[in-house]
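What follows is a set of structures to go through.
Heads up, the next two complexes both have subunit A, just with different partners, subunit B and then subunit C.
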Partner chain A sequence: MSEQKTESSFLQSVSAVVWKDLTAELRSREIFSAMFVFALLVVLIFNFALELEAGTRASVAAGVLWATFTFAGTLGLNRSMSMEKDRGCLDGLLLAPVDRSAIFFGKMVGNLVFMLIVELVVIPLFSILYNINLIQPGLLLVTLLGSIGYIAVGTLLSAMAVQARTRDILLPILLFPVVIPVVIAAVKASSGYLQGIPMNEITPWLNLLVVYDIIFLTTAWLVFDKVVEE
Partner chain B sequence: MNKSIDKLKILDVISILLLITATGMVFLYAPVERVMGMVQKVFYFHVSSAWVGMLSFIVAAVAGAVYLKTSKTKWDILSFAAVEIGIVFAIIAICTGSIWARPVWNTWWTWDPRLTTTAIMTLVFIAYLMLRQGMDDPEKRARFGAVYTIIGALSVPLTFLSIRIFRTIHPVVIGAPSATSAAFDMSPRMLQTFLFSLIVWSVVFIALLWHRVRLGTLAHEVEQAKMKLEEI
Partner chain C sequence: MIKVQRLVKRFGVKTVLHNLDFQVQEGEFVALMGPNGAGKTTLLRILSSLMKPTYGKISVAGYSLPEQSSHVRSRLGIVSHLPLLYGDLTAEENLRFFGKLYNINNMPNRIGEVLDLIGLMQRKNDLVRTFSRGMQQRLAIGRAILHNPEVLLLDEPHTGLDQDACEMLDQLLKNVAVQGRTVVMTSHDLVRVQDLASRFDVLTKGKVSASISANHLEEDGLITFYRHALEASA
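And now, the complex of A and B:
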């Protein structure tokens, strides 16, 4: 009985943090608009940088898509954490009588929702702009798995980066070298789906994504305490 | 304290003598490789420094984990020292590797798993230093550094694994050569020189680490003394 109760209160605290982030975002629309416009600009720049012609599109599209998500993601992660830090909200959150891991999962789910919304808008736009169908169940699954891994590490590292003197420049430098496995696996799996490669060649990448997600969700959850502790 | 400095001096002398012996063995004892010629000699230094780079990465992560568990400053100093030494040796490994790769693979660089992983490991090390530089509070700096070494230590093997799924052209020196990469046979003299170099560089690593930890401990004491002065 009591176990059930703590479990439900944990979920309640997580959803309270998520709800807080979503409400704040609904009022200001700061994070979403910044990430979305930035993502569009990255897509635009890639168009000129790579001369995305019809023939090469299928092989390059996955790379362009994930580079876009990776870059836009840091913007959202940085904003979401520095908002907490600037207005002293993080201290308030830490004072609340809830488990620290509930705060981590709350922030993580909030970030994940922003990232997924941006992805869900960018993917159809990308499909229209480059005349390539990205709306496939396999590709959407890869997007979800990749985003979970990216956001799990990203939330942890952004909580560290915002407390540093050099916080605006620190997050990408900390995050990019350690999310490379996720980016590699996501790009390979996505381009596999786009080029119609047989499923048994895509499966290793999907496995790698799942392994990465599990390892980093667990680690981030275990060490988050140490990052927000005063 | 004095006793440990004496021991350190002895270790210094031993490592210098060992280094001279190893260099002598590389150039005088080990035969010249038939196909690659003289450039193969760089291999003894290359593999040894790559080994030290990897070793320091592991030491940094383990020390980081112990620091998170115990919150004792000495573990943070050890972890930081290992990262600094690791950067130097990883860069040496990359440079010597390029020197070898140019005549043998006809390119300075390829995106092979080992090369890419070493490069990314170096980037993780550098990011760690930048993280530390950005933090003013010494206690927080140590905690964040420890967290980052652990994240890095988990991510780098996954990077290796993920690029490994592609093919590799890097020679497999230790363990069974796979079908996709060229096997590389060593004559007994080469093997002896190679193993001796590995041991020598490990000793050098320990000596450097010891020096760096001593320096770190002294720097920590100075920092503490300064803080006390400011309080007065």
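And now, the complex of A and C:
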């Protein structure tokens, strides 16, 4: 009865979790549609509410953009982990003889893909509605770095919040104070690119994003096992 | 195969398991019975490494918990009242996903074998959310035995199943899942477990208060034994 048992490699486990999340989402489109509709509504509401002049557009757009990503991302994070909990699937994952940080990275990569897809759809729409060019390499780099930091913390905290009865309201309460540095850095760097501020003024914010990403990816890798433990 | 000594589990100030001693020999099928809140599910969650004990010595398949939990996890399968399956994946995709996590050798063959055993080969490409509760529970057993575990833990697997599905599940457990394995099953259905188990333990107030082998039971004697055990521990 033992010929079947060998330990799964870290990368194989990560890719299995990513494959599972993407395949399931491709069929149900629950996470994407919730995130996309919400993001679209926020962008439209701000567009009509602010009626920005050309001069102020560049300074305000970055804030609106990151408020949209942040709130839409929370919806996706909540849904992604709730789906694991509702049918006991989280137990199924935790029972597998794999390094539990592989489960974290698998869930994180899946969540990041959902977030990036929403961002790839929202950015061109935002550019059209606000008449501002967001499709710039620097801005896309900020979007990627900001999203990695946000999703790394979000995936870790959603695994913590999902154990609670009040998980839907608990995640934003836990998440927003922790992601303030990444959101501020992302807004400042994005705003810098949009306003054409010199690169040496944007670089500190980019550095902060990189450091935040490294710190929180490492922290999540170290503590995920403890977070999901009962 | 399973050895638990002086196990204590506390949730805050509430002690759920009180110095529990519990042992299961290789190949034995133990039915764990008891009232709600007796600690059956907590014990199974600790044995499966999903929960850490407060105190106590536990070994499963020769490995101690919680220190060697990864070794233990590769040697046990779990079936609970929840299916632990993804509704938006097909039956085959679910098995393939868990097969990757367990790094199953020769996966296509093993998946085919398991689907045959649980009688779901014809439905292997259907999404699990289209399955009846009974079919989902059969697939849950398939998932649990996919890596050929030495120990099988069943936490009230009959919950929510109708009479026919229960009978089919029992048949599957008898014929396929259980053979040669060490099994611990919690249940409230005394009639059903009497046909399946080789030993019956009653858990009350966080301790094993009574135990009897199937050989020592008369027909319908389990209900009487269970009642006496509850009365004695009251």
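Heads up, the rule we're going with is that the second predicted complex is superposed on the first by the 220 of 230 C-alpha atoms of A that agree within 3 Å, B and C clash if a C-alpha of one lies under 4 Å from a C-alpha of the other, contacts with A are read in each partner's own complex, and residues count from 1 in each chain.
One rule holds for everything that comes next: a residue touches a chain if its C-beta (ideal position, glycine included) is under 8 Å from a C-beta of that chain, and two chains touch if they have at least 3 such contacts.
Source: prediction; values computed, not measured.
Contacts of A:212 after superposition: subunit B is touched, whereas subunit C is not reached. In the superposition on chain A, contact of A:72 is made with neither subunit B nor subunit C.
In the overlay built on the shared chain, the residue A:166 is in contact with subunit B alone; subunit C does not reach it. Of the two partner chains, subunit C is the only one that A:9 touches; subunit B does not reach it. In the superposition on chain A, A:153 contacts subunit B only, with no contact to subunit C. By the touch criterion stated above, A:187 is placed in contact with neither subunit B nor subunit C. Shared-chain residue A:28: touches subunit C; no touch with subunit B.
Looking at the shared chain after the overlay, A:223 reaches subunit B, while subunit C stays out of its contact range.
Look at A:94: by the touch rule set out above, it reaches subunit C but stays clear of subunit B. Common to the subunit B and subunit C interfaces on subunit A are residues 229. For subunit B in complex with subunit A, the residues that touch the partner chain are 68, 120, 123-124, 127, 130-131, 133-136, 140, 143-144, 146-148, 150-152, 154-155, 158-159, 161-163, 165. The touching residues of subunit A, when paired with subunit C in their complex, are 1-9, 12-13, 15-16, 19-20, 23-25, 27-28, 87-89, 91-99, 229-230.
Those residues of subunit A lying in contact with subunit B across their complex are 153, 156-157, 160, 163-167, 170, 173-174, 176-181, 184-185, 188, 204-205, 208, 211-212, 215-216, 219, 223, 226-227, 229.
Interface of subunit C with subunit A (complex): residues 45, 48-52, 70-71, 73-76, 78, 80, 82-89, 93, 97-98, 100-105, 110, 127, 143, 146-150, 180-181.
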